[in-house]
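Below are two complexes that have chain A in common, paired first with chain B and then with chain C.
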Partner chain A sequence: MRRRNLAPYLFLAPNLVLFAVFVLYPALNGVNISLYDSTNGRTFRFVGTRNYRELVGTDAFREAITNTAVFVACFVVLATVVAVGLAALLQRGLPGSGFYRAVFFVPVLLSPIVVGLVWSWLLERRGGLVNTALGAVGLPEPGWLIDPSLTMGVSVFVAVWLHVGLYTLIVLAALRAIDPRTLEAATMDGASARQRFWHVTLPQIQPSVLVVVIVSTVDGFKTFDLLYTLTGGGPVGATTLLLQYVYEQAFKPPIRYGLAAAGSVVLFLVILAVTVVQFVVARRRELL
Partner chain B sequence: MSRGRALTYVVLTVLALLVIVPIAWTALSSFKSPAELAQRPPGLLPESFAPDNYVDALGRFRFWLYLRNSTIVTVLATVLTLLLNAMAAFGLAKYRFRGRGVIFGLILCTLMIPLQIIFIPVYQVAADLGLVNTLWGMIVPTVATPTGVFLLRQYMLKIPDDLIEAARLDGASELRIFTTIILPLCAPALAVLTIFSVVWRWNDFLWPLVIAQDEQTYTLQVALARFAAEEVIPLHLILAMSTLTMLPVIAVFLVMQRHIIRGAVGFTP
Partner chain C sequence: MRRWGTAAAVALMVVGCAPGIRSAGPADGDARPATAGDLRGVQIDYTYFTDGPDEQATRDQLAKFETETGAKVKLRVVAFADNERTLQAQLSAGDPPDVARVLNIYPFADAALDLRPYLHDQGMNSAFSDAMMAQARGPQGELLGVPSDLTMNGPLINRDLFDRAGVPVPDRWTWPELVTAARQVQAATGTPYALAMDKSGHRLSTMLSQYGTTFFGTDGKPALDIGRATRALALFAELHDTGAMPKDFWLESGSRYKGANEIFLSQATPVYLSGNWQVSQLAKTAPFRWSAAPDPCAERCGGFPGGKHTMVFKEARHPRAGAALLEWLNTAEHQREFAAQAMYLPTRKDLTEQGVDYPRRGSDMRVFLDEVERTPPDTYASNASPSFSRGAEALVDEVSRMLAGQKSPAGAAKSLRDRVDRLYREANR
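Here is the complex of A and B:
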């Protein structure tokens, strides 16, 4: 009997130890580190809240915050809309739907590093495949990765390209679970296809759409590898997100380890705030 | 109706081409010589499918070293993830004990805090433990995934308690119940977790980048990104290496497509 009481703790122990050491402790200790200054990550000098004050006064940091907000917002909205649209098209069950579903899923499995490399090559200003095609039909050939007014849009597009297959599957699963009788009833009452979508389908898949919003929000904030090879954060910082900013403070000379830790805490708090808001909204609307 | 149908196909096909063309174009171009790649406008097919670029890429960099590192990290991390997550999931799904709710709640919370977000303080822990520049440093912090625990738990909840009780009456130890009853019954869920763990770890970048500071511990992704960023590799080699990193994943996907798609909905990283 005693062995049985101990069993669950023993089963959980290895996972919990790693969890405590590599998630829980660092998540809390990050705040602690952010109160110190360090130029090497080994010796630390207590500076109180100076790192935070310095961050707020740094243009590059403020730009990274703005970039992150724009990137995540555009990415989440576009990815969600495309996922719902694609899922609705696939749900029609036309012959070949399985093939299309599989094709849209492939990018999810690819390395973001490689995806960034490939797209940066396709989008090269001179001789890139995209501009060659545009030039062939007499359209202008923009500098997709050179023109600061275009790179953010390109980054969002490639991020959607990479992730949307997974989100589509989540919505598709919800669409499949809809009771077809509700749609038949709406049709009998004379609802048009558009009305059926907005008033019958959409309310029923709302919880899954919310899951897509939450997951894509975290994916958006996590974006690092893709932009590392696609834009490198450029041109001149136009696509540098918070995560990259934090990375550079910590690992690119001149090393400002404490500053990076403070940026990391800010990033953590932002994500926390955004997801809490999403959960509260979901709860209020009784979606979760 | 048929017009709507045609329109659906047009839209789906255009979007599918948007996925297929970049990948196919990369694979085709990876066989082109530097001269062909510089050609304007580019030709569609390479002049020959001789694997010159691949041979060149494999010989030029310590490709086998990076491949070895990537493979070791992927395999060990996946095995440990499966084992530890399954154990934790079993503990949470099939026992009542003090603190269960709290532990489960904590694990759920961290679904929202991926390693990437808190990588600075995690790096500090890794550095204190002497894990920088080691493959273990890339493996261990990624193992306790909340996603894996959560999904395996959901799966195990469906296993009837009677089975476990019967085994206990027969005198089976708890460990034996876990290895001979629970694990085999969870095979489908474990298979899906395996696939996803392999893909995550194979494609991982930020954490390996931080840990692998010496070339000796570079993974494929780290090597590719670092060399590309420094612009030290010519295009034809980048294309060959990119194709080499993409193709295994696509091949596995084509073979196991149905499992992957079915499991994917539950496994959002």
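Here is the complex of A and C:
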């Protein structure tokens, strides 16, 4: 009996050891380091909660929190809506839909750094392809990457462009799993296309949409390399997200590991809170 | 409940210890200069970052050192942006290289080997000017490293464009004269801009200094004069607002550094405000006639210094051999050879006075070398401050806000002073 109980743990042990060494220990040690001040990673001075108090009192950190909230909210909503819309279009089996499915998915295969650099060249105010095209037809040429009121929107757009292919595939798989007889029945009952989508299709793909919401939320919070190469967090900090703030504290000299670790803990708590809310909502609706 | 108690105990065990490592002393015994026997067959690890032309010059020097001493030098080249992080990680792991090229010594001061007992020639102790030794000297007079090359900020001009516009380049000029000349060339030749500057707080510190102020004074305390900084920033803002300088260039890259050399190389500007490290690269790539020009004066003259240091670590495997290499590289003979090949400015007092015979572009290097003597002492002190890098970042941020129309020059200067004060307080907490 005892031997039988031990077996599952033995199977799990290798993964548990790896998890403990490479995830759990660094995470707990990160919490520990957030209570110290270190400018070199070798000498640490205990400062208690001072790093957290310093974060709260720093304009740049508060700005990064606000930017992160705006970016993640806009990204999740837009990515989900676009993914559902594209999946619905592809599901209709229009000519060339196979080609377009591949086209939508290609950005997912690209490095976010490459995507950020390419879009930064496309969106340059002077000489960028987008503004050159706008100028050619007599339209104004906005400063996509230098106007603080435009840059966040551009950042969300590029992030959606990068990720939406994968989300579309998730929703498309759910759409294909719908029993066509339910739609036929609704049609026979006189439901319009819009009614069929809202009252038949959408309820059946809700679990997949929730997966897209959760994955896009995590992707949104994890966005760093894309925006670092696209906007550098600018102009004037308008697109500096929490992860970039943490990176700059930790790795741009002069190093401040304690402050960076405190920022990471805050980021972890925010993601944890958002994820818990999402799971609670899903459980209540019996989606998970 | 018991399960939670166990988990909490484990967590406490993990986090309950202060992070970090204990430091040990030098690994190869007593502190004395290396003998020939100490060097023969020893492999010296040298972590290095390159600005481009210096790498081959360094490799040639190391090959010569190997031939002379029988030692082997393993050069590990890392990216500039990763250098400090790499070295800190190696030190944390207790496995630093023997020798390292660093921008600043102060992040490693506690791990630096005091070179004095390892030197064959104690003259090395006083071979460099006091201004450049600000970081290399420990609180008890220790020699924690040496300034191995000096950089000097200053303008580079497109001679073809100046000649085509018929605008002469004087031996000395003020900021208004420089701006007027650049604008005349822009108007006559149709270039998009009159001036371009690297997006860098270090480069812009040159302008602040010329208007009479620096982040920190010679006593290391905050010294930024709001009135003088406002005058410098007002001119900088006016140059951008009128299109004489590229505003997009400053705002597009966020907090990242961006060089304006491509703007200069594409002949989109007749004047490029950068520094002597561009000389070697431009000599190879510029498809037009160009030259270095004197720094413009406002309230005072001179440029703004920068540079690199070389140091040896206490916990290195071969600190004695590392110190011998560092001393060899920085003798007058070898530093002269290195500076001539890499087209760098020397850091030794004797070489600064004598000058270096550069095989090409010697007149341009002479322009920068002359600026060394004109550059005020507080610029060296400010650049050597542990808080300078953060101050330079704050300057970039404040100027970006000013160019985006969020702040006036006076507001940006006032905020900058507040941030410099805060950085000083944090560094001395």
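Criterion: the second predicted complex is superposed on the first by the 273 of 288 C-alpha atoms of A that agree within 3 Å, B and C clash if a C-alpha of one lies under 4 Å from a C-alpha of the other, contacts with A are read in each partner's own complex, and residues count from 1 in each chain.
Keep in mind that, in the parts below, a contact is a pair of C-beta atoms (placed from the backbone, for glycine too) under 8 Å apart; a residue touches a chain by one contact, two chains touch by 3 or more.
Because the structure is predicted, anything quoted here is derived from the model rather than measured.
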| item | value |
| --- | --- |
| Superposition-derived comparison: chain B or chain C, residues of chain A touched | B |
| First (chain B), second (chain C), both or neither touched by A:G232 | both |
| First, second, both or neither for A:M152, with chain B first and chain C second | neither |
| Touching partner for A:P253 - first (chain B), second (chain C), both, neither | second |
| Chain B versus chain C as contact partner of A:V77, first or second or both or neither | neither |
| Touching partner for A:A282 - first (chain B), second (chain C), both, neither | neither |
| Partner chain(s) touched by A:L175 [first = chain B, second = chain C, both, neither] | neither |
| Chain B versus chain C as contact partner of A:V23, first or second or both or neither | first |
| Touching partner for A:Y36 - first (chain B), second (chain C), both, neither | second |
| Common interface residues of chain A - those touching chain B in one complex and chain C in the other | 25, 29, 33, 41-42, 126, 228, 232, 251 |
| Complex contacts: residues of chain A adjacent to chain B | 3-5, 7-12, 14-16, 18-19, 21-27, 29-30, 33, 41-42, 86, 89-90, 92, 94, 96, 100-114, 117-119, 121-122, 126-127, 129, 132, 136, 161, 166, 169-170, 173, 211, 215, 218-219, 221-222, 224-225, 228-229, 232, 243, 246-247, 250-251, 257, 260-261, 264, 267-268, 271-272, 275 |
| Chain B residues within the chain A interface of the complex | 5, 8-9, 11-12, 15-16, 18-23, 25-26, 38, 40-42, 84-85, 87-88, 90-92, 94-95, 97, 100, 103, 106-107, 110, 112-125, 127, 140-141, 143-144, 149, 173-174, 178, 199, 202-203, 205-206, 210, 221, 224-225, 228-229, 235, 238-239, 242, 245-246, 249-250, 253, 257, 260-261, 264-265, 268-269 |
| Interface residues, chain C side, partner chain A - complex | 11, 14-21, 23, 84-85, 88-89, 91-92, 103-104, 107-108, 110-111, 192, 247-248, 251-256, 386-387, 389-390, 393, 397, 400-401, 404, 406 |
| Parts of chain A lying in touch with chain C, wherever the complex brings them together | 25, 28-29, 31-33, 36, 38-44, 46, 120, 124-126, 143, 145-146, 148, 228, 231-237, 239-240, 244, 248, 251-255 |
